[in-house]
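In what follows, chain A forms one complex with chain B and a second complex with chain C.
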Partner chain A sequence: MSDPILEITGLNKSFGPVHVLHDVDLTVRAGEVTALVGDNGAGKSTLVKCIAGIHPTDSGRVAFNGGPVSINGPRDAADLGIEVVYQDLALADNLDIVQNMFLGRERGSGWLLDEASMEKAARDTLASLSVRTVKSVRTPVASLSGGQRQTVAIAKSVLWESKVVLLDEPTAALGVAQTRQVLDLVRRLAEQGLGVVLISHNMADVFEVADRIATLYLGRMVAQVPTRDVTHAQVVELITAGRSGDLGLARPESATV
Partner chain B sequence: MTDTPTAKDPGGAISDFGIDTTSQSSGEAVRDYLARLRGGELGSLPALFGLGALVIVFWLLSDSFLTLDNTANLLAQGAGKMIIAMGLVFVLLLGEIDLSAGTASGVCAAVMAMHYVRSGNLLGGMGSTVFYVFVLGLVVAAGLALYMRIWVGAVMAAIAIAIAMLGVAPNAWIEMLLAVSVGTAIGVVTGFLVSKIGMPSFVVTLALFITWQGVILQFIGEGGVLGIGTEPTLFAVANGNLSVLGSWLLFLVAAGGYALVVLGEHFSRLKRGLVTMPTPLVLGKVAGVTVISALATWALTLNRSSNDFVTIRGVPYVVPIVLVVLVIGTYALNRTRYGRHVYAVGGNAEAARRAGINVSKIRASVFVVASSLAALGAIVYSSKVGSVDPQAGGLNTLLFAVGAAVIGGTSLFGGRGKVFHAVVGGLVLAVVENGLGLLKQPAAVVNIVTGLVLLLAATVDALSRRRAAVSSR
Partner chain C sequence: MTSTPTAGARPDEVRRHNRTALLRRLHVAGPTTRAALATELGLNRSTIKALVDGLAESGVVEERLPRARSGAGRPSLLVLPQAHAAVVVAVDIRVDQVAIAVVGLGGEMLGRNSWNLHGRASEPDEVITHVIESTQVLAADLGVPTIGVGVSVPGVVRRSDGFVHEAPNLRWSRLPLGERLSAALGVPVRVANDAEIAALAEHLRGAARGSLDAVYISADIGVGGGVISDGVTLRGTAGYLGELGHMVVDHRGRPCYCGSRGCWETEVGELALCRALRLPEGTPRGAVVAELRALTTPRQIADVLGEFREFLTVGLVNIVNVFGPELVVLGDLFTALPPPLIADLGAEVSRRSLVSRAVGGTRVMASTMGSDVKLIGAAELAFEPVLDSV
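Then we have the complex of A and B:
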């Protein structure tokens, strides 16, 4: 097993009076897919946004590649090599694939963008991920299908010197064939040595691609276990009740909500 | 580059994007274009068709419409609003609106004219209270620009302060600089209110629209007129022409430069195996532009005077002015990081924010661009009339400018548009105004027709947007 590339300990986050994340620990390893599961409102998306620097955290330590780091904004996370693919995609419809992939980090000087180099790099990245469904990298994103958009969003995240990619429900709005494409892509990211965090509600997807499963229950991290050590039913129990046999919260009556 | 290991045989993998490269034939490109049109990406096509239709209609109805004299006159009439519209394209790209662009341009015109009429003594022209408030406003604008880190805005506001305080002797160039720098300062204030305070641009600019109207009245006085027709340079801006030699030099620079840039880029992309249009289409486009501009230059260098004792020939100065703004604006939007970010914020502000783009600065900056260009437009339209009165920039100046941008194909919903659209739309509106005037139609008819044309353009925009939303799913 490889060393953790991203390790979060004791992370707390409140929105006003609402305490959303309680002392959350999360370990992400390079070359592995870590599935982050939990019921609606368990805090999955909030956790991802905290890691990405979109939400400031109240307390907690983040270690990256073994060393402590502080993430105070999206720029810090990006500089570390943490990329997030959001549920709502964060692509600009009116721009084409190349422009979207390099958005905010365009090549060339500010006065003259280096379109040729960007276009080539975008094409190489899509090719390295074996993306074959996009006709031209100069297609505006508005005219792509849901699966193609998701593909572009994921490809965008690996274009950089990224080490960790967080995917927030990448298959939520997709059909069967498109889900397959995206899951293959997720697996390929891990094979290329990235640490991948996959948020999903779909247990079939999780068991298919994930190496480890981390379960959030009402803002608490109740279990982080290798996929092969748990069954489908156990994970569902962890999600809904926070415990399953020896796993999860030890004594439910002591757990204050 | 990327740290992802590239595929074993990148050549093979990249061939999946084979259609990106030269394999696209002209036929395929045309079919692609038609598919995009059906998908709702109309661009300036409806406006170009409309322009053609209007020209034919007025040509049939009026003998004096398609004369050389009237054509040159039409260009000069429309140029001022066209330039204001080019600035508004930036604002519209973010899905915002600047209702104050018209009256803000009037303020710039008034300050410029007062500087000339009062021989550089703005203090005497405004009265001390108004003058100090005016300078204080400029200082505030400079401060806001520094706060927002829009350095150009700070520099321009400082220039305006310097010219106002020093009482520089009247000089046409100084006066034009003053007008533009006052425009920039106005834009800084608008941008601050919209992006930092967070008020909807509609409300901010509606309030400023009325405010600036009052300011113009304060500067000029009820029923007053500031004549600038006696200053040769200021008068020549919209009424002068290039010499015949100058006209052909302009043709060489403009058409040659266009051909050089388009062909140079095309062949360099072709050589590197990047997405290109088919070569025949590119050559056709360049040839078309060259032939049309050559014909236009030739026609405008003929004598168009109706009087035997005077010769009027040469391309009007407004043509190179509009061309320069068009080229710089297009370059800024298409080739610079700033332009890319403007499109991104207009397309999806949240995506832009997550990509690390300073959204509020971009939002403020487009108002600075719009007001600065509005000031340039004010110079042109004031020059055409030869004077500035309290109605400068009022009435339907703004309607025309917004209308020009929208008619040309810029979307009111943000994210789609080009500076070129403002030129096409501006020509459409100039043709309507001029043509109906020649047909001796009263102002009522002109306004009704102009309003309906704008309504039609907005309808096309909304429908094509809906079409695009449907076809993408």
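Then we have the complex of A and C:
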């Protein structure tokens, strides 16, 4: 069994006097969907932004594929192969699918773009994910549905051969059927051997796609457990109270806060 | 067509037969010009025109001028099947998850969903309820009525009514799956063994297109096989053929739940791969794939998968000797095996199999249809009985 693709230990982060993340540990394994759950303000998005290099961290170690690395900016994360997909469908409306997937990293020489090769790569990527819901890769993104836009955003991470994909509530802005399509894609991403971190508030979704659940409670990582070992009720308890049975934080009488 | 040689076919029967043949051709092969349809179906051009006009009027096909011209003269119109004209639901039940897709005429997937089967979620009632609910959500999103359902099950299934005799890895037995789904959804439901369905998909749209004799090997927790012989699916009594995974490859081997010992499944299935890779039982599929991808050098492959490769070869030699296929397609988990390992299998089988040498070397290759192969096959299964009523 090889090392986890991404392992974070003892990560701390403060915004001024507010200590947001306390000694957070997170392990992401290749080929698994790790769901990151927690109440509003528990620090989920902050953690993802720290991993993606958007926020500098105060302390903590990051190991990628077994070796220590330091992430000092979004470029470092991208170079390692860490890609982030946000909930607000961050694509350029006026561009088509190919242009969006290659935005800022266009192929070509000098003034001439290699449209044919980019179009083919985009089409092959969508085909490798079995995305058969998009008619043409030259469709402007503005005319796509929410689910299709998220599909394009996720496919982008496959095109760039990412190793780890962090999805920050990718289905928050979507309807029921569209949510299903995106979650199905998330699972297929993991089946291709990528490490996937999924932030979600919806317990049913989490149980349907995740292999492992990591729970944050007031900035602390209280439990990382395989999905099949826990029930809905236990996870809800972990989210709201930080403990459930012998999972999670120690009981208050024995804990030193 | 129902007519027998003693009774002459009436013109409307002939017309109906031709219409179905044309639709099937468009469904499987995609957009085709009128001229090509006439040549391939052996029909008069005016017959084709009448049929296509009828289909176009009811919105099943659309006609367009082809972009690239071929040959001299007026270009023949391109006939395109319209995905939304007829949609079916394909369901792929696996040991650890269920996938479902809405598939339109021509094979385009118009919507999809999947979910894990942890703990109670794999009980028959839970799965059936979830499938029905999911079908309704997807169909409502499209706004097109479903005309049929095809279901793939990893188990022994009676073809006539979709009765699941036994699906051991799911711990299902004696489940009238076909009846229960069709009662709830109100459309014809066809259920079949997963490997048989995958073989159908490979035969119609995948690597085995154009091969008359091919075998598809599916490999999840369980291992199974679908056999295409002389262009049709080999089924055995009541459709129970296909448990290639329970062919004994080591009579002193590990006990199998089926009652035997050393079944092929216990040596090359997902659990055997997990053992070889030193992963705990129940490791998610993606993690197994990631570990297999990490094996790059011939040395690593031989160290980790040496014994596995031997058992895989032994089983393949048996299969080739029994069925004499020209092509063996390896699916599911086997598609993640290191490419050099798969590339050598064909030659190794030839060295050990008379039949392979006699047919000029049976080809052994990985499926190119990915994890969707059973969904695609299940859709074809659903389309089969309903294409003539579209």
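Note that the second predicted complex is superposed on the first by the 248 of 257 C-alpha atoms of A that agree within 3 Å, B and C clash if a C-alpha of one lies under 4 Å from a C-alpha of the other, contacts with A are read in each partner's own complex, and residues count from 1 in each chain.
Just so we're on the same page, contacts are C-beta pairs under 8 Å (C-beta built on N, C-alpha and C of every residue); 3 or more make two chains touch, one makes a residue touch a chain.
Keep in mind that what you see is a predicted model, and the values were worked out from it rather than measured.
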| item | value |
| --- | --- |
| Which superposed partner A:Ser128 touches (first chain B, second chain C, both, neither) | both |
| Touched partner set for A:Glu208, first chain B, second chain C, both or neither | second |
| First (chain B), second (chain C), both or neither touched by A:Val235 | neither |
| Which of chain B and chain C A:Val28 touches, first, second, both or neither | neither |
| Which of chain B and chain C A:Thr227 touches, first, second, both or neither | second |
| Touching partner for A:Asp93 - first (chain B), second (chain C), both, neither | first |
| Partner chain in contact with A:Ser2 - chain B first, chain C second, else both or neither | second |
| Touched partner set for A:Leu167, first chain B, second chain C, both or neither | neither |
| Touched partner set for A:Leu113, first chain B, second chain C, both or neither | first |
| Shared chain A surface residues [contacts with chain B and with chain C] | 128, 130, 132, 192 |
| Residue ranges of chain A touching chain B (in the complex, touch as defined) | 54, 74-75, 78, 84, 86, 88-95, 99-100, 103-106, 108, 110-113, 115-116, 119-121, 123-130, 132, 134-138, 142-145, 158-162, 192 |
| Interface residues, chain B side, partner chain A - complex | 1-7, 10, 13-14, 16-17, 19-20, 39, 268-269, 272, 274-275, 335-338, 340-341, 343-344, 346-348, 350-352, 354-357, 415-416, 468, 471-473 |
| Residue numbers on chain C that touch chain A, as the complex places them | 97, 99, 108-116, 118-119, 121, 134, 137-138, 140-141, 277-279, 282, 284-291, 293-294, 336, 370-372 |
| Touch list for chain A against partner chain C, complex | 1-2, 5, 29-33, 128, 130, 132-133, 175-178, 180-181, 183-184, 187-188, 190-194, 207-211, 227-228 |
